[in-house]
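Following are the structures in question.
Each of the next two complexes has chain A plus one other chain: chain B in the first, chain C in the second.
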Partner chain A sequence: MIYREAGQFKTSYAADQAIFPILQDRIALAILLAVAFVAVPLMASDYFLSTILIPFLVFAVAAIGLNILTGYCGQLSLGTGGFMACGAYAAYKLATGFPELNIVLVFLLSGGVTALVGVAFGVPSLRIKGFYLAVATLAAQFFLIWLFTKVPWFVNYSASGVISAPPRAVFGWFVTGIEATPQAKYVFCLGFVAVLALVAKNLVRGRIGRAWMAIRDMDIAAEIIGIRPLHTKLLAFAVSSFYCGVAGALWAFIYTSSVEALAFDINRSFQILFMIIIGGLGSILGSFLGAAFIVMLPIFLNSVPTAMGVPLSTSMIAHMEFMIFGGLIVFFLIVEPHGLARLWQIGKEKLRLWPFPH
Partner chain B sequence: MTRATASRQIGDTLLKVDGVSLGFGGVKALTDVSFDVRKGEIRAIIGPNGAGKSSMLNCINGFYHPSHGSISYKGIVRGAMRPHEAAKNGIARTFQNIALFKGMSTLDNIMTGRLLKMKRGFFWQCLHWGPARAEEIEHREVVERVIDFLEIQAIRKTPVGRLPYGLQKRVELGRALAAEPELLLLDEPMAGMNLEEKEDMCRFILDVNEQFGTTIALIEHDMGVVMDISDRVVVLEYGRKIADGTPDAVKSDPKVIEAYLGTGHA
Partner chain C sequence: MDLVLDFLFGPLKEIWEFPTFFVEVVVGGVLSGVMYSLVALGFVLIFKASGVFNFAQGAMVLCAALTFVGFMDLGAPVWLALIGALATMIALAMAIERVVLRPLVNQAPIILFMATIGISYFIDGFFQAVWGEDVKRLDIGIPKDPIEIAGVLINTFDIVAAVVAGALVATLAFFFQSTRIGRALRAVADDHQAAQSVGIPLQTIWVIVWSVAGIVALVAGIMWGSKLGVQFSLAFVALKALPVLILGGFTSIPGAIIGGLIIGVGEKVAEVFWAGRIGGGIEDWFAYILALFFLMFRPQGLFGERIIERV
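So, the complex of A and B:
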């Protein structure tokens, strides 16, 4: 009864094309943003911020990136981890090479560098599709990690091979390095994520997004309409890699503060692929839901059985995690390929009619 | 959708196919086929299965490149042309098997037909504001006119995968129309339809031709439809042209009768 758009008439195409055409959704979003930006940093514990919320935000950026490429443009990629590493190392080289460069600019530039790398590895996508393309992106994954491990220039010749984020401030607040508080890191991360998510949404609902989806759904028809496949696919690779690169930079600088290339190995790529499958292919909201789900599940498995008086061993939890992920991925692939985002949508449609059956 | 003309006028040659041959390995799909399509007419290409009709359309819109012969469009002989270049030159088409974008809504599908006409660059697309939004709305208005024309207002927001076959065919026509083509290629627009759907589709094809002056080249198996709506018919068999002319002339051509019914002493 509460969630219903009765009486809200759209009188222009602009109103019809809004991201949130229903008033209740806009109010809900405003409340959510207020809570996320103001209430959470004031009230949440440091532990909650730095082990749950910040990784969730970083994963969400990476998931949006992969979703653009795989969910919207239909190009299966297993190179996400490699592209994240690329972003992380680019940010490190930029931040240490140009100490006076603003950290926001460092992150954006490292995204740009990753976009170029992504385009280079996206060129084969004109010729090969599906699993074969996945294997080609796998080459990117292994090559990039190998490169960052083997070439000492990327870690400024440090013996440990680990990169540590130098302290940097935005408006006088430290967001990276030892002095940065979890609150500052969280708000900085959240700002980045909010802007990047909005840009992604804008891209996918306009001309470019439609071209991506056309290539995904039927590339021959798309070509005959006048879409140039190579351009469109490479743009998807560029934008996707940009997001993955920024996610990698945020990971290295904000989340962990120091990182080695192996943090971005093939498992990371799979983890992000699982996020978009469970969250919803071809949905920006789904990227957030999938990221939240995968970050939360281990914590949920850790705390809930113990709280209920059924203590599980650590190895048991680790194994259960694998089993639940596996089961869920099979479940979603068969039953609901559009993932949690689709379930959310169905729930909203039901809610519009509630308490009436139809 | 702005070039409404009052009466039908058949003009000069728009497309000229001259001695086109096309082979796939040892298979000759087309052998020395020549015909023309005049501006403003409805031109049918008919023939038994495997006669090379679809291959002919694929040559016209640049999907295949003929091994011999030439195709001239608007008086200019084209070299090897990619499909997107054909689209830029005002050639749109529909497919024998529906080739819609299944994951997108009817509206988005038809909006893709406007892609070539949308110019705002990446930066504005990121913002989806100002010029990009104005452009989006401008093209939405054109698309809404196509939606009105085809009477599919109610399924605007429905994902096309959920639509029945006849409506999917209509959305596909809408996507081609949204590009405001000069030459519209229809590959079996009525295949698999029931009588009512066929009549609707015929009406839309005639209306498109009359109201917008769009030249139409269509492939169709339903002889009743072909004879009723087309101005001139070209008949292919085994990749060769066996007849060309008005429906009445073609209908009584002994070669055509033989191709369709077989010889008397077979």
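So, the complex of A and C:
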């Protein structure tokens, strides 16, 4: 009864093409944004902000990036970790090389650098398809991590090979470095995520997104109706890498403050792939849901046995985590291959009809 | 400029000056390539028969080796441990077919691929929880002393590995070409629906294929395990087999062998003669770049079936 579009007439093309055509959706989104931007920083504890919410936001950006490439354009990639590392190191080099450069600009530029790298590794995608491409993207993963570990220029010749975020401020508030409060970091991160998600949403429902989906569904047919495969695929690689690069920069500067290349190893790539599978392939909302799920799961698994009074050794917990992770992935794929986003959609349909059966 | 010249031609000069050493490196590469082929074979078998890119092959190598060592540590003789491990792999194949593959029938290949990633996580966790995670030594009496053949030093272990791999491939070839089940397997690989309509039971075939892949994993696990010790890193051996796979083609057993040899030799030569000049540790990615280079010219791998999309 509450959630219904009856009586909401669209009188202009703009209204017809709105992202959220239903009034209730717009209200809900406004409330969500208000809560996220105002209430959460005021109320949430530092621990909650810095161990759950900030990683969630960072992962969400990376998941959107991979979803653009894999979910929308159909190019399976296992190199996400490498591209994130690329973003992190590019941001570090830019921030230390040009100290007066605004940090927002640094992040965007590091995304741009990663986009170039992504295009370089995306070039083979024109000839190589499917699983061959997935394995080929592993080349990016291993090569980039090796590069950042072996070449001392990337870490400004520090002996430990670890990059630490220099302190930087936006509007007088420190958002990176030691003095930054979790609240400031969170709001900064959230601002980034909100804008990037909006851009992604508009990209995928416009001309470009449709070209991606056409390539995904059948590249030969797409080619025949006049979509240039090389441009489209490379654009997907560029945009996807841009998002992954920004996510890597946010990871290194906002989430952990200091990071080494191994933080972006192959397991990171798989983690993000899991997010988009569980969240939903080809869905921006799904990227968020999947990121939330994967971030929460280990915390949940760690706290439940202790809460129930069953003490487990740390190695046992690690093994359990692997098993439950694997089991859940298989379970999700069997029960709902379209992920949490699809469940959300079904729920909305139900709500629209409620309380009538048809 | 000198640096570039040294990088390009320095190693060639070294090779020219020490030909015996170069031959030794190449032979070492061939033999380690055989080890990669062992793992790659398991991938090819499953991909050929069911079109599933089985990411869990590495986890299966780990689990086979862990089970084998686990039984041996319990005091079982080698043959009993072997039977135990075989039984475990077959049980695993049946479980995977029943729990994962059957409900996912007719899903897109990418979904099945991701399901195998899930399986691989589950197997890693489960078998480590059962058998423990510390490094175990595996010694089934293969000698490891180097011997000299025509002035070239070769490790006996590597020769044994090559012989085992050869025997395995010969057996598999025989099994696929000349037995009733082998014919059924090839039929399923060609066309699922047609095979089913002439009365080949798909589900049984899948169990058989996964069991055979499990047995290959067991052989690979024993060989790798006696080389490196049985530990979690064994699961990453699969990552070394992937470039072999794309180089040789997903669907070709000879491809897996030749691909393994090319990768093995290329990697060893690059590691010994070139790696020192760019900081070392290149074994993680060199194979991938090499495979990528080949793919640019033959997108379906050296021996893969040509992908025809439009007539």
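Convention: the second predicted complex is superposed on the first by the 343 of 358 C-alpha atoms of A that agree within 3 Å, B and C clash if a C-alpha of one lies under 4 Å from a C-alpha of the other, contacts with A are read in each partner's own complex, and residues count from 1 in each chain.
Assume contacts are C-beta pairs under 8 Å (C-beta built on N, C-alpha and C of every residue); 3 or more make two chains touch, one makes a residue touch a chain.
What you see is a predicted model; the values in this text were computed from it and never measured.
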> Is A:143 contacted by the first partner chain B, the second partner chain C, both or neither?
Replying inline: second
>> So in the superposed three-chain picture, is A:234 touching just chain B, just chain C, both, or none of them (first/second/both/neither)?
In response: neither
> Which of the two, chain B or chain C, is in touch with more residues of chain A?
Replying inline: C
> When the two structures are overlaid on chain A, which partner does A:325 contact: first (chain B), second (chain C), both, or neither?
Replying inline: second
> Who does A:199 touch here: chain B (first), chain C (second), both, or neither?
Replying inline: first
> Between chain B (first) and chain C (second), which does A:220 come into contact with in this model arrangement: first, second, both, or neither?
Replying inline: both
> Touching A:208, do we find chain B (first), chain C (second), both, or neither?
Replying inline: first
>> Which partner chains sit in contact with A:282 here, chain B, chain C, both or neither? Use first/second/both/neither.
In response: first
> Touch check for A:132: first (chain B), second (chain C), both, or neither?
Replying inline: second
>> Quick check on the output: what are the common chain A residues between the chain B footprint and the chain C footprint?
In response: 220
>> Which residues of chain B touch chain A once you look at their complex with the stated criterion?
In response: 61, 63, 82-84, 86-88, 92-93, 95, 99-104, 108, 111-113, 115-116, 118, 120, 122, 125-129, 132-133, 136-137, 140-141, 144, 175, 179
>> Per the contact definition, I'd like the list of chain A residues that touch chain C in the complex.
In response: 76, 124, 127-132, 134-136, 138-139, 142-143, 145-146, 149-151, 220, 266, 270, 273-274, 277, 315-316, 318-330, 333-334, 337
>> Using the touch definition from the top, list the residues of chain C that touch chain A in their complex.
In response: 53, 99-100, 103-104, 107, 109-111, 113-115, 117-126, 128-129, 133, 239, 242-243, 245-246, 250, 278-282, 284-285, 288-289, 291-292, 295-296, 299-301, 307, 309-310
>> Looking at the complex, which residues from chain A come into contact with chain B?
In response: 12-14, 17, 199, 202-203, 205-208, 210-211, 213-214, 216-218, 220-228, 235, 282
